[in-house]
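Labels run A, B and C following the written order; every chain starts at residue 1.
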Amino acid sequence: MTRRWRWKEPSVLPGFGLTFGFVVFYLSLFVLIPLAALILRPWELGLGGFWDAVTTPRALAALRLSFYAAGVAALINAVMGLVLAWALVRYEFPGKRIIDALVDLPFALPTAVAGIALTAIYAPNGPIGAWFDEIGVRIAYTPTGVLLALIFVGLPFVVRSVQPVLEDVDREIEEAAETLGASAFQRARLVILPAILPALISGVGLAFARAVGEYGSVIFIAGNMPLKSEIAPLLIVIQLEQFNYAGAAAIGLAMLGLSFMVLLALNGLQAILSRRGQA
Amino acid sequence: MFDRRGLLLSAGALAAAGCSPRGGGDAGAASLLNVSYDPTRELYRAYNTLFATHWRDTGQGDATVEQSHGGSGKQARAVIDGLQADVVTLALAADIDAIAERGLLRRGWADSLPDNACPYTSTIVFLVRKGNPKAIRDWPDLVRPGVQVITPNPKTSGGARWNYLAAWGDAIRRPGATEATATAYLTELFKHVPVLDTGARGSTTTFVQRGIGDVLLAWENEAFLAVEELGADKVDIVVPPFSILAEPPVAVVDQNVDRKGTRPVAEAYLRFLYEEPAQVLIAQNYYRPRNQAVAQRFGTRFPQLELATIGDFGGWTEAQAKHFADGGVFDRIYQPSGA
Amino acid sequence: MSAARRSAVRGAAPFVIGVGVLWLALVVLLPLGMVFAEAFRRGLEGFLQAFDEPDAWAAVRLTLLVAAISVPLNALFGLAAAWCISRYEFRGKALLTTLIDLPFSISPVISGLVWVLLFGTAGWFAPLLDALGVRVIFTVTGLVLATILVTLPFVARELIPLMQQQGADEELAALTLGAGPWAIFSKVTLPNVRWALLYGVLLCNARAMGEFGAVSVVSGHIRGLTNTLPLHVEILYNEYDFVGAFATATVLAGLALVTLLIKSLLEWRFADELAATRRH
């Protein structure tokens, strides 16, 4: 209890000063200073102006769509990403390595190309869109299209977060649980889920954050109708077209603030879960 | 030329601090950057060759012109933010005015060349499905039940602003029309729009490739190009009885040419647009030439129709403020119901 | 009873694999197939025509150049950040970790815009840049800055969890045996993390080459000069040259697939070694 407050625990390993200094310098240069510009710019409008810029009915509708669609996409990715990770970790099947490599494709394919390709497929005259059109369901040019594009960009985050942890879950504990008569469902709920939940939450958080800001793939498939299928990043672009940098930065700042809060909440949840896991 | 570009690129990389992305400046070989809007790609590709020949034939040396294309407003913003354009050739005067407001070129730019510095014009026409199955001939047909209209977003596309103003011009000239009836017509029109792309080319793709909508509102030159490039078997052009005289202006960016010492060639580049060979090229690319003799040579390509002008709207400054600025008529069209 | 249950679990395998693969096919494989189908719609000749243009090669070179500058920097940053975060206990570590993740949650449009706000004509540093006669926006430098910001977390995110899990035992042992800092790093740390490092670099590189939104804001879109491959794709698409646009896009997709397959093959080839590392 008499321990002095210390900023850093002592360590015999060399290199803290060098690496810490470099990391802080690099982050300042490429993240903090640019973000400072984003944070300070909208206040030219004054607090009232900032508030007005982000609370017009269109801005609110766009923010709602962006966050809602990103949330739903992240949840769908949570389920399907988990299934995919499970298949890749637990089973052997032909073409597994190719499937594994394909998971990263959304990181690599330019978002605009992905958007064009998705639109071509899911438009009413596209190979799959036509099929849906016959049963009266529209995918491209509706919020469903937005959702589809966001699922695409977020998919790798969930799979790649869960996969390594799933590989590490001790098969022996599972087998022990099975010997003790635990059903498959019980094993999943009591053994596997607690182990992978922190990683799953972290992956879902990243997928969500990435999807909120996505622009390139969404504008092709969204239809971009104000109040209906217009996403928040498009509003930023629209503000820029009118030479209104402060207005654009205001919407950007609001988006960043909101998604930061969501990430923080998820991080908190993750911390609680991993503490409970250790106890 | 290919090698020169490569060298320039690597040189720029070595300097890392990144000087000008282009060479330019040295005597004998002039290099210009023309910052333009989307639909002029084909026109300026051809014109740059024509101008280079003209420049060499008149003993002035080599002239290469680099092109940058994008949405008109976005391109104006790039110039404002420091893109080193020697000349701008944009979709509407309001975008060049915005550059002038920041002091990069003088406010009276429109007087420095003939015809308000617009060497070519165009108009807004309808592109419909082959055989015009919905019998769309005039503006009121667009708001008939079951008709879907494709146009880009006026907030992000210069062409879409001409579309919008043409529609307004038609609505306001009808007998007994008032501002209220015109606004009502526009509100109804945009209810028939299922997809708002950010640019003219995006809208054309949506209409032709994705098969969305019954009619596309388009630049006349874009409509011709769409027929030529994407299939005469798919779409027809319908010229409405009334439309708008779309005037895409050109200007020298004073601050940039003075710093780079490219003023003479930049000015010559724009002036030569009014000469007969250039005007022929303009007509070949489906823009309406200013030179009437050239226009007549192309006869039926450019049908005569009644045209509103931007002057009828009090000029771009007024039209912009009234219709397209935040809280303007266009924004009010997209108010949530009940508000 | 138990045997019956076990077979039920085994019976689930085709179902889980089926659902997972079908999902991937719908969301990822189909768009990829579309890209290739469109690219070869006019046969091999039409496909190759897209590369007949000097502007396409200029875009390839610029893309490689931008990646060659930004990826090594981010790899270096990732190594430093992972070392710093996994080997020491200090206050504010959580904040530092969150800051590293932050670029994932910045909209690409914003990742480009911030550089304009800093270095544009009306930006904070405009007077300084004017005095120096240096331009950042609409040059290679601007493209590099935007790319670094977008791809900053990739390597760090791969390395941090692995190095945290591995712990510092081996480095401490080496230190006790009298190894210097460079020897510890190159003989102990680097071999232990090389697969994760490689994977992080591959992802970072793929994303750097494919980035569209952010570079679109800071590029002047000058044909053959400041167009990266994704921007060149956009130009071709806007010129109604769909075959050319998709053919160019296959280069990016192909590049990504090849690097990722190489990674899978390496992992498979060195599977034993990998398993050994993981058991630490």
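As a working rule, a contact is a pair of C-beta atoms (placed from the backbone, for glycine too) under 8 Å apart; a residue touches a chain by one contact, two chains touch by 3 or more.
It should be emphasised that the depicted structure is a prediction, and the values quoted were computed from it without experimental measurement.
**Q** Based on mean C-alpha positions, I'd like to know which chain lies farthest from chain C.
**A** B
**Q** Could you see whether B-C or A-C has the larger number of C-beta contact pairs?
**A** By number of C-beta pairs in contact, A-C is the larger.
**Q** Where the centres are mean C-alpha positions, what is the separation of chain B from chain C, in Å?
**A** Chain B and chain C have C-alpha centres separated by 37 Å.
**Q** Give, as an integer number of Å, the spacing between the C-alpha centres of chain C and chain A.
**A** That gives a centre separation of 16 Å.
**Q** Can you pull out the residues of chain B that are in contact with at least two other chains?
**A** In chain B, 80, 202, 209 touch at least two other chains.
**Q** In chain A, which residues are in touch with two or more of the other chains?
**A** In chain A, 120, 237, 240 touch at least two other chains.
**Q** Among the residues of chain C, pick out those that touch two or more other chains and give their numbers.
**A** If we look for residues of chain C contacting two or more partner chains, we find 116, 122, 237.
**Q** Once bound in the complex, which stretches of chain B touch chain A?
**A** 71, 73-74, 76-77, 80, 98, 153, 155-156, 193-198, 202, 209-212, 325-326, 331, 334-336, 339
**Q** Going by the contact rule set out above, which residues of chain C touch chain B in the complex?
**A** Counting only chain C, the residues touching chain B are 54, 57-58, 61-62, 65, 69, 116, 119-122, 133-142, 220-226, 235, 237-240, 242.
**Q** Within the complex, which stretch of chain B touches chain C?
**A** Touching chain C: residues 1-2, 5-6, 8-10, 12-13, 16-22, 33, 35, 38, 41-42, 66-70, 78, 80-84, 102, 199, 201-202, 204-205, 209, 225-226, 229-230 of chain B.
**Q** Across the complex, what residues on chain C touch chain A?
**A** By the definition above, chain C touches chain A via 2, 5-6, 8-9, 12-13, 16-17, 19-21, 23-24, 26-32, 34-35, 38, 73, 76-77, 80-81, 83-84, 87-91, 94, 96, 98-111, 113-118, 122-124, 145, 148-149, 152, 161, 168, 171-172, 175, 181, 184-185, 203, 206-207, 209-213, 216, 229-230, 233-234, 237, 245-246, 249, 252-253, 255-257, 260-261, 263-265, 268, 278.
**Q** Under the definition above, what is the set of chain A residues touching chain B in their complex?
**A** Chain A reaches chain B through residues 57-58, 61, 119-120, 123-126, 140-141, 219-220, 223-227, 234, 237-238, 240-244, 247.
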